[in-house]
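Take a look at this one; I'll ask things after.
Residue numbering begins at 1 within each chain, and the chains themselves are lettered A, B and C in the order written.
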């Protein structure tokens, strides 16, 4: 097996809160394998987003960071946007409301690929086509509010991969969307990773989604990485109580109710 | 209140308030009376520390009594504006419908007429005296609180509609008084600093134009008086102007400090 | 552009009742003044006999009931007749038309100065919240915001006109200079430099503070994080993401401040002896000229409505979200 894309060793991230250190991540050791799809799951506040920001070097300045993240395949520390693309939870909020879609998708290519605006715009056009935005030519000149939530998330994905980063981190990219749109976005990300040979880190609450998409799974609970491994192994034989608990909750939830309506009443 | 700005504002206001309270004690006589040779330079006569103006009036006495006028006008105007604005805003918000529409158009009308022109016209009609000036300035200051209170009433009405309805037999006015006003008050209070500061400035401008109350000392009239000797005795208009700057700055700083403190308590509590 | 037009039409229609309230209110307020236009006129003549008084009252319509007079006044307004100024013995409209351009130049220049410099300094301050530059500009702008414009005018005169002699102390242009064309424009600009500063600096401080506050808010938005995740240059993030969004409330403020600035021009024009609209208001009060004052207030209300229209259009051009609830295909 080739060297991993990233090697996280003893990573802790903490914030000062009321004169005490509160840990968002504590002692995390994790490898991100090149070309694979890693699902990061865990409850709210367990440190998933913090991991994503730490990987991209976007943590707030007041965060205290210990441990290391090594990038064996890169000659230099990764540059956000060029080596790592990110997609966030709220597709509405992550696009600038007053700039055109064209500008927002193209600007990454201008910055990192050294393209002129004209070339970057036609690159953006291809990307919008690729993420299946209807009438991409018109979309270039349109603004975020003119698109639905799912479309905005596709646009955000197009913008995130504009500079062809090797790693895409999607932080709960579908949890603000309805089920059908969720499935479409997941399929899109899946295609993307396959076709472009990208590495994907997919953060989610939803263990079912994780099992459908991921090669590997990492489970976080209260700032700690409690379980990691190949997806099928973790799902078939969870070692940690918390993972079992998550799986059990998921099964309860997805089992069809015997008598519809009773539970809702 | 912890911010250094807020503390500075508090200090300024306390200092000015002390000046205002001490004025009648230190200078019990009429500050408009002629007490010495005209245009005595400052720091030359120990009895007249800041010297005299063109007519021989004590500048220090004027400065102290002027603080009194400015603070009085500022606070009284805020009181008038808040009372009127709260009343109109509550009525509009609770009544809704045509009444609300009509009242808000009146608010619009008061907002598109420059407040200073309105005050000018009002004073010219009724004659200048301190109460008239306070009313005149209040005339354009009540619209802000009215809008705010109305918006708050509407949002609270929406929010607690069911809860309010459950309070059986409560008169709408009672609902307003008990439920709506206490909630609407914090943002309205934040507006108060702006109203006080504006009132101080507008009163000074009116006095500067010779439209203030001729029977009281105001910093604006002192500046206007000193303007006649701007080249030879610039301090006569500079000193009261600094008083104005200190007052307005103090009000803004204090207001900001209080708003920060309130926001902080809300976030923590 | 279509959105802007629809909005403009709606705005004009909705301001008609408001303007009507202003007209009626102003008319009634100034009717309440002791003495009427004829008294004021006679005062300026130094007296007159009873016959003349009655004749004048009739010619002004002052012998009619107040309702009748109000209808007459509004009727005349519709034909752009603002009445007769007793102090100047001329039509009110002529006076206003003659004085208004000076004030529009003054206000326009003050607004341009305040908006451009204020938002620019606000961007400098807001680019790095909490930095030394930010704190200095923040405190400086608050101090400036507390300075009354007429007093600032005197300070500027004292320093730049009396001491340094760089600028003239008063007036709008050199009297009987015979200058034309560009030379005259330069002369007027030279005369307006101090009054424009006196009027504009408060708003400069205001815009600076608003820009700074707006940027502090914009920094916390999700789209700024996604811009950082795209690895964009800091300059681009500050200008296109943070400042561009913080600019929008400033434009709104431009409209809200129009009335206040018009009021401010009254004192500033008096300080600098500029024969403008604001000084005309002061003269109307001094001359107990109710028709003139009524006309001035109504025209200023129309002016404020017009400025707000322009601001709305500018806003619609700057914010793509305005007036469209549509969702793309």
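Here, a residue touches a chain if its C-beta (ideal position, glycine included) is under 8 Å from a C-beta of that chain, and two chains touch if they have at least 3 such contacts.
If you're wondering where the values come from, they're calculated on a predicted model, not measured in any experiment.
Taken chain by chain, the contacts run in an open path, each chain touching the next and the two ends left apart. Taking the mean of all protein Cα atoms as the centre, the chain whose own Cα mean lies nearest is C.
Measuring from the averaged C-alpha position of subunit B to that of subunit C gives a distance of 22 Å.
Computed from the mean C-alpha positions, the centre of subunit A lies at a distance of 54 Å from the centre of subunit B.
Under the contact definition stated at the top, not a single residue of subunit A touches 2 or more other chains. Remark: subunit B residues 5, 105-106, 108-109, 111-118, 120-125, 197, 201, 204-205, 208-209, 211, 223, 227, 230-231, 234, 237-238, 241, 244-245, 248-249, 252-253 touch subunit C in the complex.
The touching residues of subunit A, counted against subunit C in their complex, run 56, 58, 79-82, 84-86, 88, 90, 93-99, 103, 107-108, 111-112, 134-135, 138-139, 142-143, 145-148, 151, 156, 159-160, 162-163. Those residues of subunit C that touch subunit A in the shared complex are 221-223, 225-233, 236, 240-241, 244-245, 248, 318-321, 324, 326-329.
The part of subunit C that touches subunit B in the complex is made up of residues 15, 17-19, 21-22, 25-26, 29-30, 32-33, 139, 142-143, 145-151, 154-155, 157-158, 162, 259-260, 262-264, 266-267, 270, 281-282, 285, 288, 293, 296-297, 300-301, 304-305, 308.
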